[in-house]
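The following pair of complexes shares a single chain, chain A, combined with chain B in the former and chain C in the latter.
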Partner chain A sequence: MVGVGRRSVGAGHDTTRGPGTSARSVWAARLFIAVVLVYLFAPVVVTVLFSFTTSRRLSLPIEGLTLDWYREAFADPLFTSALTNSLVLAAVTAVVSVVLGVTFSFGLARLGRRARGPLLTASLLPAAVPALVMGIALAVFFTALGRPPGLPNAAIGHILVALPFVILTLNARLETFDFSVTEAARDLGASPLRTFRDITLPIIRPSVIGAALLAMALSIDEFVVTWFTVGNQQTLPVLIWGLLRRGIDPTVNALATVVLVALVCLVVLSNLLSRRRR
Partner chain B sequence: MVTRLPAGSLRQLGPATTFYAVFFGIPLMILFVLSFWTQQGFERVPDLTLRNYLDGLTDRLYLQVFLRTILVGLVTSFIVVPLAYVMAYLMRFTFERRGQLLLTLVLISLFSGYLVRIYAWRTILGTGGLLNTALMHLGLIAEPITALIFSPWAVMITLIGLLLPLALLPIWSSMANVSRDHLEAARDLGANGWRLHRTVLLPMVLPGVSTAFAIAFVLAAGDFVVPAMVGGTSGGTLVGNLIANQFRGSGADWPLGAALAFMIMALLVFVYLISVRLLRSVARW
Partner chain C sequence: MTMETSMTGPAVRLTGVQKRFGDQAVLHGIDLDVAPNEFVSLLGPSGCGKTTLLRIIAGFEQVSAGRVEVAGVDVTGMPPHKRPTNLVFQRGALFPHMTVAENIGYSLKLRGWPKGRIAARVEELLALVRLEGLGGRGSTQLSGGQIQRAALARALAPQPTVLLLDEPLSALDLKLRQHMQLELRALQRQLAATFIYVTHDQTEALVMSDRIAIMDAGRLVQVGTPREIYTRPASVFASDFIGETNLVPGTVMEVHDGLVTLTAGRVTRLRGRADSPIAVGAAATLSVRPEAIRLTRSDASMDTVPPVDGCRGQVRQVVYLGSRVRVEVVTEDGITTWTDLREDEADGLSADDWVSLHWNPEAASIWAGETIRTEA
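Now for the complex of A and B:
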């Protein structure tokens, strides 16, 4: 934990670390971060831990370890259909929101600064409306159209939830994109499609994949909008909600751990990819 | 850079804009129109009445829940945003080299399952839960603390854990643009501690802090899953529960639910604007 001091040490100031930090305040800072991390990860640790314990009731001390809850969860046909539906929704959400998001972000990048700001803000609006309101608005909308609730309705909701984050990610990437390379390709006679495929896409690919993985993670974790649009169909969060309402059932912890592992993989990958080429 | 006509740009902006208009704009408009209809038994009758709004404003129970929702939202965000600010500051300036790792950890917690984290808090805070059991084993308490679960406190404890990562991200990204030299200069000129934050750093990261506050406040006050899971039936109900019940419960009343939704959103915007004004007046030279 030794800081890197590039500048000379000023009179009485320890510039090797953050501005003006004494040894005692560094310890206070470490304690603060530790407490926050415990707060953030306590629920995660509890869930994963109790997905492997033998007792039905969640209490300490732990009596023994087992994989039974996973076996029970995977044997449930509801789980299989929920898993399939969640994966289908995630894939559809990723593809559609990325296609819409990429085209939109390119359109934004071509605009002047003054027009870009308000449009970007407007495109992030769905993220600022409570999911509950979005859920009931979509439920009312589909009812008005005479469409019964189901997976397609939920897919629309998921895309709406994911699109602002996809646009945010891609917009950040395109801010540093050098448009002269695409203009050069066009001048050399490449069609717009070919320019996009051979020049633009290879450059922005990590960010695009990063955005797609983020959209999948958002979709797999989405509960509120789904609950109002999906009807009697299952997705993983809808299934978990149903089990939770019925009372204590340790298979929930196993299901949750499966979801957790999937989400963490997606987010870590997404984070790594979006960070490259900055 | 803008050498092209916006025609090409419009074509690219078109698909997403259309999607938003059809599946976001129109549904909200329909919901708004619906809030003036009336529910008669199982039928929704087109109407142009303010009764749903008046019901929301005059019913004692509803008013109580509205007030509680705003309070829970405000208390939660006034705890979450300072915590996120301190955390972001430490990640950016004190533990710079570990900042990236810490950020990844925060992101992981953000995506560790919305429902699951709420449920886990119920396990931790419950009467026979981990916290009570641990405290009793340690001999610190004789009887389980029942107020931990099914109360506004449980709702806030859970919401803080859910919203901290979300509030941290905008503050962190605006601090990423602040150079360390800037803070050094301010410090050399004699600004220290509270003054350094109030007069130098906070004004610079104010957009991020306002965004964080908006996210924390709207999501805390608009949530219905947390109060449904850990809030109990009486003391922890928020407006979100009332709205959700009008749409997926017995005795559903969509027009009333729609009116409640617009009332809480208007209230949220109002309280948010006042809070940001207050924040601005604190962060000043």
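Now for the complex of A and C:
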């Protein structure tokens, strides 16, 4: 009904001009898109740009290019320990959240449709809790348990932050997973464990790796929850925040750029792997 | 290549198998023996429990009560990977990350066969299911028919005592399905293997089976050869489910040596055989196949005496079906019947002609009760 009505109006008299019918509106639309994109990327581009400039002051025009700030940043012993801590946290977060996420998602997939929906929503809900609230909650929680702040607490926080996204990724894969192939393997003589190793894991591997990379990205980037739980230890975001308190320094730009490149790589890879279907 | 079956007892014996999901009973005590080298079809409408029964034999479902034996061994509590049965899944369920050859050889790899021996056996199986040269294909590069052939080869690879097939042809188009039915049957004879085949397609069951087990609402309704089931259906349900039939409700007027005369309506007298006892005056249903009815033209008007066996009526329509002609006749008592004739027999017959319908009483079955179940 609606479609027919629209078509007859369009064919009769040209009162409803759709987007793209006049040259001026096309240019206006393009300009608007360009402005929004500049707004989205300008701060990041400026940061990356200034990490390579020779001048210590952040001002244009750029006088020359250098890698000195990177050398300076990497030479700082604080940086080395922050990087190590960040990588350890990322690895632990990836492994633990993927193991928990895979088992949880398989459990969900075995449940009836009616139970699955609410449980999935419940497991994703923590992602909607503001990081600040989560950070305070964890700090209070660990204090109540009498646990001193440190890397293990931060790891628990990171897993909590990453797990909903891991579950979301894996659940999407398992929605289209044909469980009759696992039955076929059992039927042909494979034990449950062997079936998982030979059949299930190879089939879902791209999604598992994608989820792991996503968890690493979330962990490396995590600041608020980390700050509330890590105590006097350093991670890259915590280090950057500390350096910023001394004023903006080109080494901060260099560090931020390192984190940026790492995260972009992880997220892009994660997306490629999660989307790939057999 | 043949499956040696030296056992003397049944290949599969089900004793009092019951299955409930929650408070819902799906199987109400199934007893069934399947002999070695036999092709048995479990036939029934969707939801009758046939797939659940197959999955119980395979080990994917546990019985709520009863026992499952395969080749004389009680396998009731045994997990699927330890049972000497293999299942061909409805849509093949090939491993998507393996080639056809890897799929077929998987069970042999699990049994620790050396690579060379696996390769030889896989070649043999590829030839058996006529997939020569396709061993290197990915399982996503196969057509529907090829997928089922590969799935069949994969299930046959470990030489199961019993091969279970869960509607493996249902996803194929009619032509291919008919072709594969004959091929499956030939293969089963060639291997002298025991097949249990689940289907809702009565033609498929008739074409392939040594015996058919008809299931309805979690019970076995009748078990017999295709011929027995077609000619002597044990119930109204069986007669209606297998083939096409005319069902006429009536009242028992006379019983003589198993031959029953039924009155239906004002003037209609119908005769048929009842295999189970039936009392005079009881409600009953007669079933007669369209091709068992003979039709003669009658110029007589309404006032002549109706025929003793059968009834008289008026042609409503003549439907051309290619190999035969189907005639719809409405009897004097308003009962609608269908009769199948050869094309020459129906020559010149047209709507509103008066005809008489007769049949050999031995070709019609009568059961007590008047419930007529119609399957959509």
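Assume the second predicted complex is superposed on the first by the 244 of 278 C-alpha atoms of A that agree within 3 Å, B and C clash if a C-alpha of one lies under 4 Å from a C-alpha of the other, contacts with A are read in each partner's own complex, and residues count from 1 in each chain.
Methods note: contacts are C-beta pairs under 8 Å (C-beta built on N, C-alpha and C of every residue); 3 or more make two chains touch, one makes a residue touch a chain.
These numbers were taken from a predicted model, which means no experiment stands behind them.
Partners chain B and chain C, brought together by superposition on chain A, fit side by side with no clash. In the superposition on chain A, A:Leu260 makes contact with chain B only, not with chain C. In the superposition on chain A, A:Val181 makes contact with chain C only, not with chain B. When both complexes are overlaid on chain A, the residue A:Leu168 reaches neither chain B nor chain C. By the document's definition of touching, of the two partners only chain C reaches A:Gly189; chain B does not.
Contacts of A:Leu244 after superposition: chain B is touched, whereas chain C is not reached.
When the shared chain is aligned, no partner comes close enough to touch A:Leu269: not chain B, not chain C.
In the superposed pair of complexes, A:Pro202 makes contact with chain C only, with no contact to chain B. Contact with chain B, but none with chain C, is seen for A:Ile159 once the two complexes are overlaid on the shared chain. In the superposed model, B is the one of chain B and chain C that contacts more residues of chain A.
Of all Cα pairs spanning chain B and chain C in the superposition, the closest are 7 Å apart. In the three-chain superposition model, chain A touches chain B and chain C at no common residue. Chain C contributes residues 58-60, 79-82, 85-87, 89-91, 93-97, 106-107, 110-111, 140, 154-155, 157-158 to its touches with chain A in the complex.
Taken in their complex, chain A has these residues touching chain B: 1, 3-4, 10, 13, 15, 17-21, 26, 29, 32-33, 36-37, 39-44, 46-47, 50, 57-60, 99-101, 103-104, 106-108, 110-112, 119, 123, 125-126, 128-134, 136-141, 144, 156, 159-160, 163, 167, 179, 217, 221, 223-224, 227-228, 237, 240-241, 244, 252, 256, 259-260, 263-264, 266-268, 271. Those residues of chain B that touch chain A in the complex are listed here as 1-2, 4, 6, 8-17, 19-20, 23-24, 26-28, 30-31, 34, 83, 86-87, 90-91, 93-98, 102, 104-121, 123-124, 128-130, 133-134, 137, 160-161, 164-165, 180, 183-184, 187-188, 192, 196, 214-215, 218-219, 221-225, 229, 240, 243-244, 247-248, 254, 257-258, 261, 265. The touching residues of chain A, counted against chain C in their complex, run 178, 180-181, 183-191, 194, 198-199, 202-203, 278.
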